[in-house]
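Before anything else, here is the set of structures, which you'll find just below.
One chain, subunit A, appears in both complexes that follow, with subunit B as partner in the first and subunit C in the second.
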Partner chain A sequence: MSRMKPEEEYKRTKAFHFFRWLSGEKDPYIGNMEMKPQKEYIEEEASIQDRMRESQMVMDKVYNLKYNRWQIFFRYFYRIMAVVFCILLLGLLLFTVSYLPPTGNASNPDNNEVAKRYIEKGMQETGAVNIVTGMILTYRAFDTFGETNVLFIATCCVMIMLMIEDAESKKEEVLDDMRFEPKNDAILQATAMFLVPVIFIFGIYIILNGHLSPGGGFSGGATIGAGMILYASAFGFEKTQRFFNENIYKITKVTALCMYGLIGIYYYVTGANGIENHIPLGIPGHIVSAGIIFPINICVGIEVACTMYAFYALFRRGGL
Partner chain B sequence: MSGQMEFVQNFPCFSIMLCMFAGIISSAFKEKIARMLNVAVLVLNIILSAAVLAFTVRTGEAYVYVMGRFPAPWGNELRVGMLETGLAFFFCVIMLLCLLGGRHKLVQEVEEGKQGLYYVLADLMLSSLLALIYTNDLFTAYVFVEINTISACGLIMIRQNGRTIEAAVRYMIMSLLGSGLFLVGICMLYDLTGHLLMSNIKIEITRIVAEGAYRPPLLVTIAIISVGLAIKSALFPFHAWLPDAYGYSTVSSAAILSSLVSKGYIFLLFKIIYRVIGFEVFHDSKIVNVLFIFGLMGMVFGSLSAIKENDVRRMIAFSSVAQVGYIYMGVGMGTQAGMVASVFHVISHVATKSLLFISAIGLTDVSGGSRKFIELTGSGYRNKCAGVAFSVGSLSMVGVPLFSGFISKLLFSQAAVQNTGKMLPTLIVLGISTILNAIYFMKTVIRIYTPMDDKGYPTVPWYHNKIYAAVLFCFILLNVLLGVCSQPIVNLIESGLSIFA
Partner chain C sequence: MRIFQYILLFFLVVCAISVSFSKKLLNSILIFMSYSLVMSIIWICLESPDLAITEAAVGAGVTSVLFFVTLKKINAIEEENQKGEKESMIEQRRR
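Now for the complex of A and B:
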């Protein structure tokens, strides 16, 4: 094979690289892509001794296990009783279930006018093709507002537990996170590049179609949250913070919940007072239809996505 | 629904939603705005509840408020009567006083950036309490029980040290067990009756009982729901989470948890007895007797543990076990008079226990922060205000006339005398428990008024913390009011219970 280019220049072309890879002379992944195995954690002998001595001291000083026969007996008794109690409770519940009406029987008490109206008139009264969404967001809107607030308060509690306020330890935590978590993993990043947009779009689809097909705010929000977690673990928190930092988190979450609350209170008060509803139901099956369900689904979706991501970030490094 | 609604009738819905909005909005702001929002919402809620209370007393009947476009078995609804609004009003007042009285400790004990979150938790806690009071739907009740549980965990662990984290974990495990049992109970009730609305369940249950069908599952359901709520409200054998949770959390949390949170669950149990299962059916099941015995045991053993305690906060916490025992004893008597006494004791205990927690903190503050009795010697002279308040609370707990505790004990004994079967045990244990109460509370009062050599602890005059002094004054006033003018309140409870079902 005659070469038009000199050797030096040829070595820089794509063709050379390609043929070299084809012939197996050099694998481009070797030396670039491998995961370095984590250094095995070896605990020092002294610290093991220390820990054992401490737990022994607690046992001796607090429970006085060496001399307190009664305490030792109680410990065994407690364990046995715990198992016995669980088995008894299990037995009791199974015994009770055997007396309950059989599943799927047409004459069961729960096949009554409540379920009948949900199924037969659900679409007509709520405008939602998906009667489950119609039921939880229209008939039982108050319950679902409470349920969304459960997520909100759970994030608040995790914040109390794990949020790091002190600037010094915040810096330390960020450093720890950079040291121990994998970074710039090419496979993960390439996969995330493809998957994250798809996941986001799929999540948005689930939310927007909540009243038409299976899905809704809770499941769609969880999907978007998972996409954000994937993005954060592939590209790190610095890049995530460009579009989702603590301020944006607060603004979106508060806006979504307040919107939901306002729609909710409008709905409850007009409903209770017999005032005409001004939110049109639309034509069932259309994307913009089903009255309050459509905006509420969006609000719930935002709140759930924020919650999912906040849990991940708080557990990983104590901040958003 | 008949005719046009009056505007006042919207207020229960408004007050629940207001608390939620306050909680949501204050999560975005710093501590100061959150605090002001919280106070504003509490004051507004007091006004709203007072208006609804006046309305229900005027009409003399309960009304149903449909939450949304669809009436009851399909949608959610609230049911508002005198008892509900009265308790809502009272809970809001106590919550405001607890938060104001413990504010100075909150600033010291909670990390700077997290104080705002405390008010978020408090707002949502209040919303869940109000929803538990007003709701007429079992599943709504469960949703708000969840909010209540999670925010209670937050209130315990916001003061972060080892003991509170341990207490919060313990509280969470026990409380989730309670919630789980309650949820299983709801599922079974739904399976048996096909409804979640309280009134409809009762109709179905009456039918089932008349037919004699499903006897074992109904009994197990009643038992599971009662035990679940008993765990959450710290009835005697299930009280293991209580002393740490009340003893080590910051003082407002301890006051709110002991006075309001456990009472929310107790009120839910009252509601289930009257409105879901039916008083007769509940009485005919043997569960009342179990609750009665647990109540009696709690009255004695809670007091005994309190006597052994060397830490004043934990002593007050153990006293809660005894007082919850009183309430369950009233339920367990299975008579109308017993229930009235129980409801009155709920109110009396709410007023007194929060007073004790708030005033105890004033005493420990002037004793170098120590809660040991030896250090508390003479602290009643160093902080006169807290000393007087603590004495009033103790006297009320023991049941001295003029204070609220006396009236509830009087009502309990009257109820016992009317009940032939349970008269003797009730009266005997009531007597024993009163003596035990007197032992540990009077021991503390004597201790704080024993003069001692100067140890260099500071003397705090009342004007150093005017809000604290004002809160204590309000609490004392409330206690005396409940003790002196109890008849209108008892009448209100009686008429409220008569339209409760």
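Now for the complex of A and C:
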């Protein structure tokens, strides 16, 4: 390589840095980027040997077929019974299907005045352009309230089973989780930095536009929850705990469910007693329209997003 | 469009069968993930995009992540690697 410049001046040019990086002498990113060393998880020898002995014992007692005649018999029996059961179930289901009315028949029981009413008067009565959301959040708001409660109860059950209250075992669990935590993965972090805001904005858009375009509270909440999981897995739980810890989780979750309940009660009471509904429907097609659908969508979205993230956090380290 | 849907439905059946027949748990989760993804495309073909969004977020995203976390917790992923790791750990301690 012929050089017009003297050596010291050449060392300051970008081309020199580039070729140095290309030949692998020095990585320009090392030193500039924040690379925290991870605490190393060291397992004690006794516990390792204990675990190995236990697994060996299980292997000997259960899976070693030479000394276990009963196991051999059970395996054959299990396989035969599985096939028989599958065939029986298949036959039963096909038998039931043969009794169903044909699709698209005019005299089918699903072709009644309810569907007609939804299609003809749905937009006028609910104010929602997206008729599916209008249907499930007004005509069938009681069902959706039950579904939201199911989500709430599911997280409660997972918390009862997996939540760790004891301080020492919690510390142990966090240490154990560090083995599986990504070791400050640069690729994952860069991707997450780009993707997480986009996912959040898309989820919020789905929730807020629930009565105008396809989607609604559940889909948008699930999208936001997936974005939060990506954020947590890329940057670790310490970063997520800055904006979403246990207290905030409890407050938002209960508040969302209570809000839904209150709005729902108002709607049921006025509807059942024939009292005039004072929530204005607005102009169909505007963002703030469609009466109760807009706030209920937000409540359901918060509820679902919290549920998704809580499942992930509880599964992974037994605490939010 | 019809042929495309038939291809997708065929792929769905293949995925569903191969989930139960794959030996490694990690592989079966990945196949299950692709099953959800194909299912979400089918939802779009059936003109229900709201279900497609939910399926893509919950089926392909959250459920598989929960499966991965659970498999990690019970040490079912990379069983062979971990066995080697344990042995090398014990050897290091002995030295």
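Assume the second predicted complex is superposed on the first by the 236 of 320 C-alpha atoms of A that agree within 3 Å, B and C clash if a C-alpha of one lies under 4 Å from a C-alpha of the other, contacts with A are read in each partner's own complex, and residues count from 1 in each chain.
In this section, a residue touches a chain if its C-beta (ideal position, glycine included) is under 8 Å from a C-beta of that chain, and two chains touch if they have at least 3 such contacts.
Bear in mind that the values here come from a model prediction, so they are computed numbers and not experimental data.
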{"item": "Touched partner set for A:Glu147, first subunit B, second subunit C, both or neither", "value": "first"}
{"item": "Partner chain(s) touched by A:Leu94 [first = subunit B, second = subunit C, both, neither]", "value": "neither"}
{"item": "Which of subunit B and subunit C A:Glu43 touches, first, second, both or neither", "value": "second"}
{"item": "Dominant toucher of subunit A (residue count), subunit B or subunit C", "value": "B"}
{"item": "Which superposed partner A:Pro214 touches (first subunit B, second subunit C, both, neither)", "value": "second"}
{"item": "Subunit B versus subunit C as contact partner of A:Val132, first or second or both or neither", "value": "second"}
{"item": "Contacts of A:Phe315 with subunit B and subunit C, given as first, second, both or neither", "value": "second"}
{"item": "Residues of subunit A contacting subunit B in one complex and subunit C in the other", "value": "none"}
{"item": "Partner subunit C, residues of subunit A touching it in the complex", "value": "43, 45, 48-49, 51-52, 130, 132-133, 180, 206, 214-216, 218-219, 222-223, 225-226, 229, 233, 308, 311-312, 315-316"}
{"item": "Subunit C residues touching subunit A - in the complex, by the definition given at the top", "value": "48-50, 53-54, 57-58, 61-62, 65-66, 69-70, 72-73, 86, 89-90, 93"}
{"item": "Subunit B to subunit A touching residues, read off their complex", "value": "1, 4-5, 9-10, 13-14, 17, 20-21, 23-25, 27-28, 65-70, 73-76, 111-114, 117, 120-121, 124, 127, 131, 137, 139-140, 143-144, 146-147, 150-151, 153-154, 157-158, 160, 184, 188, 190-195, 204, 214, 216-217, 220-221"}
{"item": "In the complex, subunit A residues that touch subunit B", "value": "92-93, 95-96, 99-101, 108-115, 117-118, 125, 138-143, 145-147, 149-150, 152-154, 156-157, 159-161, 163, 165, 250-251, 253-254, 257-258, 261, 264-265, 267-274, 277"}
